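In what comes next, subunit A is part of two complexes: it sits with subunit B in the first one and with subunit C in the second one.
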Partner chain A sequence: MSEHEKPSGEPVPVGRRGGKIDGLPKITGAARFTDDLTLPGMLHGAFLRSPHAHARILSIDVSAAAALPGVYAVLTGADLPTPYGVIPVAQDEHALAVGKVLFIGDEVAAVAAVDQETARRAAALIRVEYEPLEGVFTIEDALNPDKPLLHDERRRKGDTNVLRRVFQKYGDPEAGFAEADVILESSYDYPGSTHVPLETQVALAQPHPDGKLTLWSSTQIPHYLHRIVAKVLGMREQDVRVIKPDVGAGYGGKSDPFANELCAAALARKTGRPVKFILDREEVFYAHRGRHPTRMTLKMGVTKDGRITAADFKAWAAGGAYASYGVVTAYYFGVFLPLPYKLDHWQFESHRCYTNHPPCGPKRGHGAIQPRFALELHLDKLAHAIGMSPEALRLKNTVEPDTETSNGLRITSVALKECVDKVVAASGYLEKRGKLGPNRGIGLATSAYMCGALHPIVQSEMPQSAVQICADRSGRVSILSGTADIGQGSNHMLAAIVAGRLGIPETDCVVLESDTGLTPVDLGSYSSRVTFFAGNAAKMAAEQLYAVIRAAAAEKLGGDDVVMAGGKVFRASAPEKALEFADAVQLAEERHGTLGFVGHYKPPKIGSRFRRQSVGPSPAYSFTAQVAEVVVDPETGFVTVERIWAAHDCGKALNPTIVEGQIEGCVYMGVGEALGEEQSYTKTGLHRAPSILEYKIPTVFETPEITTIIVESNDKEGPYGAKEAGEGPQLSTVPAIANAIFDACGVWMNEAPFTPDRVLKAIERRDREARRAAAEEGA
Partner chain B sequence: MLPLPTFSVLSPRSVADAVGMLTDHPEARLIAGGTDLLPSMKYGLFSPPALIRLGGVAALQDITTTEEGGLRIGSGATLRAVGRDPRVQRLYPALAAATRTVATSTIQAMGTLGGNLMLDTRCAWYNQSSFWRGALGGCLKCHSGPEGAICHVAPKGKGCYAAHSADTAPGLLLYGAEVELVSSRGARQVAVSALYGEDGRDWIRRAPDELLTAVILPPPPPGAVVHRKLRARASIDYPLLLTAAAFDPEGGPRVVVSAVGPRPILLSGLAEAFRDGGVEAVAEAGYKQVSPLSTHV
Partner chain C sequence: MPTEPDADLVLTLRVNGDRKRLLIPANRTLLNLLRQDLGLTGSKHGCDVGDCGACTVLMNGAPRLSCVTLAADAEGAELLTVEGVSVGGALHPLQAAFHEQVAAQCGYCTPGFIMALKALFDERPDPSDEELNEVLGANICRCTGYTKILAAARQARERMNGRSA
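For the complex of A and B:
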């Protein structure tokens, strides 16, 4: 057990290793996911989806579907005309298509029937007349003012399918480039990829006789879902209750409201019966909201001694049919470009475009993965050009603690140097680089990520996280929170903070989460915010409970050097005369009345020189360094990632076992994006691989041996020092692998994923260039 | 999870029963392990009104030694049973190795050798849901494909290029294996080399009323036979390329490649190539004889 020193000097025992408090039910099958829930009289939903990438809906005839025995209701876009979107400035979605369909798989109609088979059969009986429209499938299409607009209600002359263009400039890039000794410019392409959570999207809606509605859903954002369901259904928010049962992962893929949730709710209201609406695996690929496929150009300059002097970055993302979080993505591309490095003179221009594909959105490392890939490869190229070790170049430019970046980010705790030192030492990077022989190589990358967005999605001065705790006479502590545990361990995190403060085992806490009818608001599981935000709220509540119990115990024990640890309450000077925790709770309850406290968290107002910088700032940042060792088969182009060493500055590991699990999960996902995952479409916009057989997530055989190293910088504002660990560690993985491929065989993989055909082509190009160079030398 | 279409199940207890049912129910399909059939039915590739379940025909699972010193492997023997059989491991190691590369160990435990040899040709444009194929507009291989459908692998061609993907076929071909096909008209034996057709739609030379009952292997040839499978990932995936190679010091190399077209291909002229230029020349000669088209995503 490691202990975190509080400013007062009293240790708080957080940092216990071990399994999650809610792990055993998931391992044994006792956990209840949304699809495990069944209600009397329950109906099942199914969608009719668009077979066209872009078409006008001329007519819809649902009569045959409605007449099929077993069918209770059919909905079309006309029944749910209210537009919505998770981001207030981009309300461009409908539960069912209104007027137009915008991608193959777009929802057109929804059916509720006695069982799923009947619902599907009925959906297939709906007749839709379409007028096909020209599709917008590429960046070039999206930028072309002659192409049709997806969301054409806004058309003005010269309009294109760019949802958002962002341009920001800091310092004097021109002067910065003038200072450089070496300037390199390259293009990079990063593919779209999707989340592949084990559990698909599932919703179950129950109407109540008084007109109210309960919705169970596999969501990461119960609070936003609550608001949007009420809005789209025209209900009062008080009358809607959203409950998130156990969720089989999200990775960002369940951070939007989805058509199955809204249609389950609407169909339940229409039929007066509960309606379950589950997406099959293929439909999850259409629901998507994954990584934006992004084309980038990066120009950077360095001095001979390795100081980065300037950068110019451009990015174009083909974002699919709807905005989702795309406005945020466009900002993140730039905001997270320099971090974790100091960069005074730079600019970026990003474009988030609409295309006739399933909509992109947030995926683990949202908006930061793509620029990180470009910049980390670019740094290795620059290091190569000036003859400096890549690790030395990075360390020379690393941001310092307690500083402000050129784009106005407040940096607090930073332990990146320690992360780099540790992975370099553990991997033998310095000894191995350039020396592993042909076709084996080692590569390094570093990164930084946010610990929650400073500004909420919906502008408000209210707390962004809240926790309510009660201690009962048995010594059990209940924790109520609107946080959404989607498998990442946020329930355990809350228990670790409360139990740590009170000196009891985590298993003596009961966490009740994600029920908008019971739990205080939390904005949800996105932007790596939960540990920092909800953790601080839990800490605030726990400190109050702690103070009351401690005061009561001090009175009883006759001294105020009271310590709570190991399930006991005792004076440090007389540990033999200890009270059981439950007895201390009873004393406190006698003295204070019922023991219930609330805590909340609202990030500090961090002034910035840049008013426009409302998207991107965070109260703290996590830092990562990774080294990858790979083998390239020059005959087939296959890349094998043999080992990854990952050091992550998570501030303070509230439970190292869970932090390590998150780091491993990040590395695993990064390996998938590096080696084969790609949302790829035919020229008519049809998803090429909407199945987990053909969409190539790594199997256990492609997963490298992963060495995780936790580095603790003890952030001053994090709950007992903690920062995030769920997303940041993925940022370094892909560029570390790319840099290792260069070390192995001398090719820069500017385009991911590093599939055998791409690697083979790069090797052939390398050989051609070598032959040409040799011939020129000979001549 | 995708629902299966509705169907009835017939459960024969003997080969004669099974063959009789196949004659009586021409629309029925045979199911052994079901590891390929059921996913295909969930995708709506076909919806037979009845499945004839071969699991109850115990005789189909036998593996016996033949008088000639070879093996007779019942078509219902699971891939796991075949791969673990000591006689298979000793006499036909390339077959044992091939069974262990099929999909995953759970599928090897369900799937059968007969089922693997009867595996339908595969293509990324065909092995998709009915919604997907509808949005595509069908292809040559779709039974219910619309008029004017094309092969998306080779839009200007006339044939279907769906890829033969049975992992065990190339090795069996090199071992000189034959299959026994039984119908109410009698039994016949067909060499594995003659079992497959040249078009992805017409990929199997088995009459609709015939049941594949056994694989008959002659005594193994002199020299070594090896099996290799190239696939995107080291588990679950169908092959990108299958090769089986035999080397006999007397007769030289023989190589079968598969998964690059609708049938396995026995490469020709390798003995000469080997004599003139060794292994590299064999590889060059083989490379010239295959022209794979991408049937993968």
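For the complex of A and C:
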């Protein structure tokens, strides 16, 4: 074993630009997404959904639906009574409503029929008798003990619809505020928004004669889906195989198990035929699991010379009908606050509430986007108040590498200063701020994000990622992994790590991913964990293979200085006598036996002074700085984001083109949330904009020119130095735009999105206040 | 032309150069014809109501949203889908550029963008940036921020016009 672990000292060439190893099928139309799969005899599913936001189900009559020619099965909540949820302490969902419906669009019954049209027609024939209940639509409602509870009966007087309240306090906030020269307090509002992956949720279930089941699904977490399908269907986990085909992206929106997946499986078992269950575009807006609309207050103090002395943050989120990942959200609201700025004395209190709306969940930058918006605006306000440049205030308070935050987060690599410097220089921030003339402005924001969670959702001492690799005699290397590539390029990431170590072209690697029947467990594509966790597992496997091949080659070549590069294996001192990689593999196989290795990743045990700190800590953090340049039309309130410069510390870019793409995608999604995207509802809980057109997704015309700058801090524990790039960069975008709006026209946009009506109102308020001030001065 | 939804009709058309003759329900959309009846699943359902462009195909050389086009409208037409863009196994310069620039992240929008851009390049071999933008503006991509897509379109334009890029 010691031989496998011997460090070679040879640098690993990673960081090639350009195409992904599995990129071509997506460009030729050959890629297979779940909806592209068909099976003989396949049936199609459809839902009946609730027209009420909150109602008791008195009776369901499916007879007319069941009698419709072409219908094979109808399910209601009684058929799938087992509750589930991703978070062990929040098992509050059912595949189909049991007893009550909790939002307009909640699934009540499911039909399998010969085609989708028949299934939909049948669903419409189901008769449900409801007793409407009072709805819970606002945070005030959710906190009000006189309102009905969504889940459970009221056990104790005073029970409310708060799913989780978190309060944490570090240092001595009171003393911290006492040290401050300036203290500011503001309220902020961040809207709900949804992911809108271009592929809707699709599942295809196939029953097998031996009672087993295969489920193909557009999920980003096959592992949790696997567990929950088995649980809800009452099956053994080893009898369920979940396969994730190509996925048309997720951004967090495909992290929960969905009713269409569970119902496809149940209907397939009931009918004995394959069942495909597709959500249409409108249904995806109701399936949601997006950003929590969040109301916040933030109080912060600074000294005259710009040291942040204390903070007090409060957040209330209207989370919709089910918990989803909401317990985690409540923690994420607060635990990242002392990042990327040193903060010793602070406290936060957050409430994640239930309301009668489609459920919120994890969306890119989960739980960190809202507080980051408040905090970054607040910093600019403070900088303004003490007459310091916003970038100087930030640099003064930046966390240092290899330190620990006041709440016990272990900080390793940090290249935030470099990010700020680069983005400031590239954008001309210092020259432009305050000088771009009326209605044009520039703004800065920074942020930090996690690279996977130290503690898994389901507590376990087992590895959180595993990768298995095999070297074929032809020189091809297969990589088996449970990771879910949903477009972010994780397959390529695995190949880049393995190929880099072995000195072969990435295209000589084949990645087989996301098949719970074949691939080793990986916890999935969420919390920006894949590069750090699965990448390290791949590295561990590759290093073992490397050592075995290298030892065999050393024996053959008669020297220890063996190098593997360019598809060849040779002694550094005698490169002319090179073995082909395939020949070296064969030598190694003769010597060692079949060349298969497994690697895994389990984050280090990082002791924390704070036992309660189980949600939030990560083995590493990424850092971002962004500058936005905007133009505000003072007549219409219309904001145009012209350019964004984004510098991101991703540790090491294993493929810079892919990393740039992640940063660009983050910025884009941030621009959408800044300018108009909003998952909002009428007073009775009806979605206001359940279509791509109405929801106002930015097209190329609303998307600014984006300049990306990759900064590499080479994290000591990251795979060949790498950290995340897929979520962190979104955190800075919205506050950078808000700060630019202030620079343009002197209004603080405490409420997002920055729609023309809001901006106009803010400008009017500014003018009113200016008139009043002038009048007072005159008087 | 039959109008009742359940009436069947016979349709003759060419798809990616091949002549097809099919019996289909009159309410079949062109997208479902391609995907379900012909197994050409490269064109995607993004919204099914004409909002996203993921289903774009070329009908007699012009871009068409196949989700809101009746198959019956394609009678006698010449259709090109993403599967027909690379001829004889060679990538179209647009596809090569999309690959190199990683303009496809999840790739769900990609067929639509490639078809829309191909229609432009077929008509105007050396389009301006504004013209490229105009075409991109009709399609939604949720992954890339359009940055790499635009870079790929520009790269393809330069290469197709014999300039280095």
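Just so it is clear, the second predicted complex is superposed on the first by the 767 of 779 C-alpha atoms of A that agree within 3 Å, B and C clash if a C-alpha of one lies under 4 Å from a C-alpha of the other, contacts with A are read in each partner's own complex, and residues count from 1 in each chain.
The rule is short, and it goes like this: a contact is a pair of C-beta atoms (placed from the backbone, for glycine too) under 8 Å apart; a residue touches a chain by one contact, two chains touch by 3 or more.
Just so it is clear, the model here is predicted, and its values are computed rather than measured.
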Touching partner for A:49 - first (subunit B), second (subunit C), both, neither: first
First, second, both or neither for A:486, with subunit B first and subunit C second: second
Partner chain in contact with A:26 - subunit B first, subunit C second, else both or neither: second
Contacts of A:248 with subunit B and subunit C, given as first, second, both or neither: second
Subunit A residues touched - subunit C or subunit B, whichever exceeds: C
Subunit B versus subunit C as contact partner of A:395, first or second or both or neither: neither
Subunit B versus subunit C as contact partner of A:699, first or second or both or neither: both
Touched partner set for A:689, first subunit B, second subunit C, both or neither: first
First, second, both or neither for A:280, with subunit B first and subunit C second: both
Touching both subunit B and subunit C, residues of subunit A: 280, 691, 693, 699-701
Residue ranges of subunit A touching subunit B (in the complex, touch as defined): 49, 51-52, 104, 116-117, 120, 280, 282, 636, 676, 680, 682, 684, 686-691, 693-694, 696, 698-702
Subunit A residues touching subunit C - in the complex, by the definition given at the top: 18-20, 23-33, 35-36, 38, 195-200, 246-249, 251, 278, 280-281, 486-489, 655, 657-658, 660-661, 664-665, 667-669, 671, 691-693, 697, 699-701, 703, 706
Residue ranges of subunit B in contact with subunit A within the complex: 1-3, 124, 128-129, 131-132, 134-136, 230, 232-237, 296-297
Contact set on subunit C toward subunit A in their complex: 35-36, 40-49, 51-52, 54, 81-83, 85-86, 91, 95, 98-102, 104-111, 114, 133, 136-150
